[in-house]
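Below you'll find the structures, each written out as structure tokens.
Next, two complexes with subunit A in common: one pairs it with subunit B, the other with subunit C.
For the complex of A and B:
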């Protein structure tokens, strides 16, 4: 281990504290199964299918039914008549092929880690918030705060999305087939955002990492967001990524503009990888 | 939080049951605001002016021994003052003890009539118009609709509001919609918070405009009225308002033959729009619009600072 420099802060005793994981020691129990498994993650068989008619169901009933089907090993679930209800398809932590035959409301497919979701309609605000892994593909338009704070996976909207797309994005990829609204990429921290149409004002405001690609016009860049240089790697990445979803940039990916952070967060790159993971 | 909704039929005449449609949409938005529900709906113009007014708050009925006598006195005073100014009352209806609907024939100064009637203690005019019916009361849409018989209301368009009280009291005075006094047939509903309410209110009061509540949303109605009094059309007035109003908001305005929506420059408050050939429906959430359809529909979110106006 490298010698710590004895500067004034060291002399003040700020580096001598012994961190022992006190919170974990206090609350962790080896007898609790939740500490040893990924709670509510199920083994499913993608050869087994089931359909839910959600016409007269509450969001809670829909989510419980999805969970019950997963628990019984069903790997393909179709939800008919979701009727734009809020908060459905959330908290799914395993592989699953999930199809909604119509639109969802707010917070659809939030907090997921692994499923492949297809929504044959529109989604309301905050779709796939905090997504960890998997794919969510929306055929129609999406509301604001699309993909807020996602950490992984692909979130794809074939239509246009509202304001603050990818706010606080921490990883993964957001793809928008049409326009995106104001403050998209606000406080973006990592990951990629691909917008094939126009972007509203304050794009990438206060972002400190990550990459935004825009195929159309940008109304205005936000603070800290600057144009980046498109490389051959970017072109290859965009071609392959869009190809996965049968999408194309209207004027070709070579003509897309790349945007990155023009300012490094103080001490951001000095953090060790493990520490970065804690923060992000 | 609050929920707002609107609907306008373009080619259907005036025989569409918009009361039932508005109730379905507003009931679907109940979770956004259960405190009060209000409607501004536009029906048949039979040549008379429709005056909707209240002479007490619903809560007053439980809080005072002499309120019933006071209500009778106030109604009598309204009748007398209308008569004094030459307004002929041709029809009277009362859904509740405190809420009244008059059809009047009057060709004089409507502002003078409104001021004279509202000068009576406890009396507030909710709306005046040839086709506008503005109804608001405590409770959800099902309760208010039942109370006022709105599920039989035919017309061309309407706007509505479900309120979660944040800036002012839970009472009818603070419920939406707001009539754009003194303009007949203009009403506003709003979801959001206006941060320059008091500054702008004082400026408008100095110009002679009246505010009946302490609800920031009323500022929008009064401001639209102010701009229209200067000759602006609805769309221009609404575009001006996006710059004039500070805060986060989405609001709807309805006139005798138009429905408009405006969104703040931060796009901070929700609005979903369905734009069909014969009908436009708007709401804070798509779940409200879906109560009108049994099939998949295409909807979209308007963008920051956007103003749209539709004609029936």
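For the complex of A and C:
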């Protein structure tokens, strides 16, 4: 491996960058027009519908067709015969109602920001990976790493899911109607996970923050995952959230267990920026 | 405590642990990330926004809270990876739930503005 000398990093300007004084405040005016969608998104009408028959289409063709329909103002799209293809329904940064009439493969509906997706089947690994906003509802079961690195929105699986659900979760709400596998909530940083059934071993292992609610039995808690205290606000929130998707906790929301981070793994200090510069 | 906004979020026992006393700063987020929203405080603008998006609740905005940056109240914008400070002209209530709703409303107005930095980035780098 090539050595990076200290002088090189100085020549590259890595130690001269002025960070102090930068602000976004100059961009902010509360008197600006109150748009309700992103400036670059397509204006769609949810009363206009279209159907895509994906039987002989590649994933790229399906995704391009969805985009073309959105561009023409269609706000309600149904994809028939998705044939468990991988990577479809991804990168949608728009308001949209999207329905898949059957199962999807790996990485379905990843990187989305805004749409409401309904999958009338099952999904493979990493469904809604890196999701930013919107809702994804799966009628069947889901594979491993369900909602990996999700940052926002509601991701709902009405069946059971595999291992490492919500790994590296950074926000949003993951709801599992059945059981969840081992290492669910691994390295969770924030957000909420609601499991109505049982949870496998090492639940919430190395979680930094966030909340996990479990309605069934927990096989084993992971490192730094500890029981939390259920509040009246938690109960009200869970009741409303589950009601939005016609779901109920088998033994009632009040009897669900809450788990949070014990925060014994927190290890931050104000020397970090200097240490990073020394590494450079 | 260095300022009132930090004190509001962290509280008097902010520097409670030995480690925090050693380094002189609070360890953790600048707000309670686990505080779930109370929808009875929702503002008309936010209701209009979630209706437009077809959601039944705050969706991704559940993770948005009012924090602080320096000596000012601020909300974190994930799209620019930075804090957006709240103008001094806005008087903030003492209730964190109400403060969070104000933060959510202002963040939406900022993100949907044509002056948001993402618009320039989108124009410069969007591939298709």
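Descriptive notes on the structure:
We adopt the following convention: the second predicted complex is superposed on the first by the 225 of 280 C-alpha atoms of A that agree within 3 Å, B and C clash if a C-alpha of one lies under 4 Å from a C-alpha of the other, contacts with A are read in each partner's own complex, and residues count from 1 in each chain.
One rule holds for everything that comes next: a residue touches a chain if its C-beta (ideal position, glycine included) is under 8 Å from a C-beta of that chain, and two chains touch if they have at least 3 such contacts.
Everything quoted here is computed from the prediction, not taken from an experiment.
Contacts of A:111 after superposition: neither subunit B nor subunit C is touched.
Contacts of A:182 after superposition on the shared chain: subunit B is touched, whereas subunit C is not. When the two complexes are overlaid on their common chain A, residue A:153 makes contact with subunit C while staying clear of subunit B.
In the superposition on chain A, A:235 makes contact with neither subunit B nor subunit C. Once the two complexes are laid over each other on the shared chain, residue contacts for A:173 go to subunit C alone; subunit B is not touched.
Using the contact criterion defined above for the overlaid structures, shared-chain residue A:134 touches subunit C, although it does not reach subunit B. Once the two complexes are laid over each other on the shared chain, residue contacts for A:103 go to subunit B alone; subunit C is not touched.
Looking at the superposition, the partner that touches the larger set of subunit A residues, subunit B or subunit C, turns out to be C.
Shared contact residues of subunit A with subunit B and subunit C: none. Residue ranges of subunit A in contact with subunit C, taken from their complex: 22-25, 27-30, 32-40, 46, 95, 97, 114, 116, 132-135, 151-154, 171-173, 190-192, 209-211, 233-234, 236-237, 240-241, 244, 260, 263, 266, 268-271. Contact residues on subunit C toward subunit A in their complex (touch as defined above): 19, 22-25, 27-29, 33-34, 36-39, 45, 48-49, 52-57, 59-60, 62-63, 77-78, 80, 82-85, 87, 90, 106, 108-119, 122, 126.
Those residues of subunit B whose C-beta lies close enough to touch subunit A in the complex are 265-268, 270, 272, 285-287, 289-290, 296-301, 303-304.
Those residues of subunit A lying in contact with subunit B across their complex are 83-86, 101-103, 105-106, 120-122, 124-125, 140-144, 159-164, 179, 181-183, 200-201.
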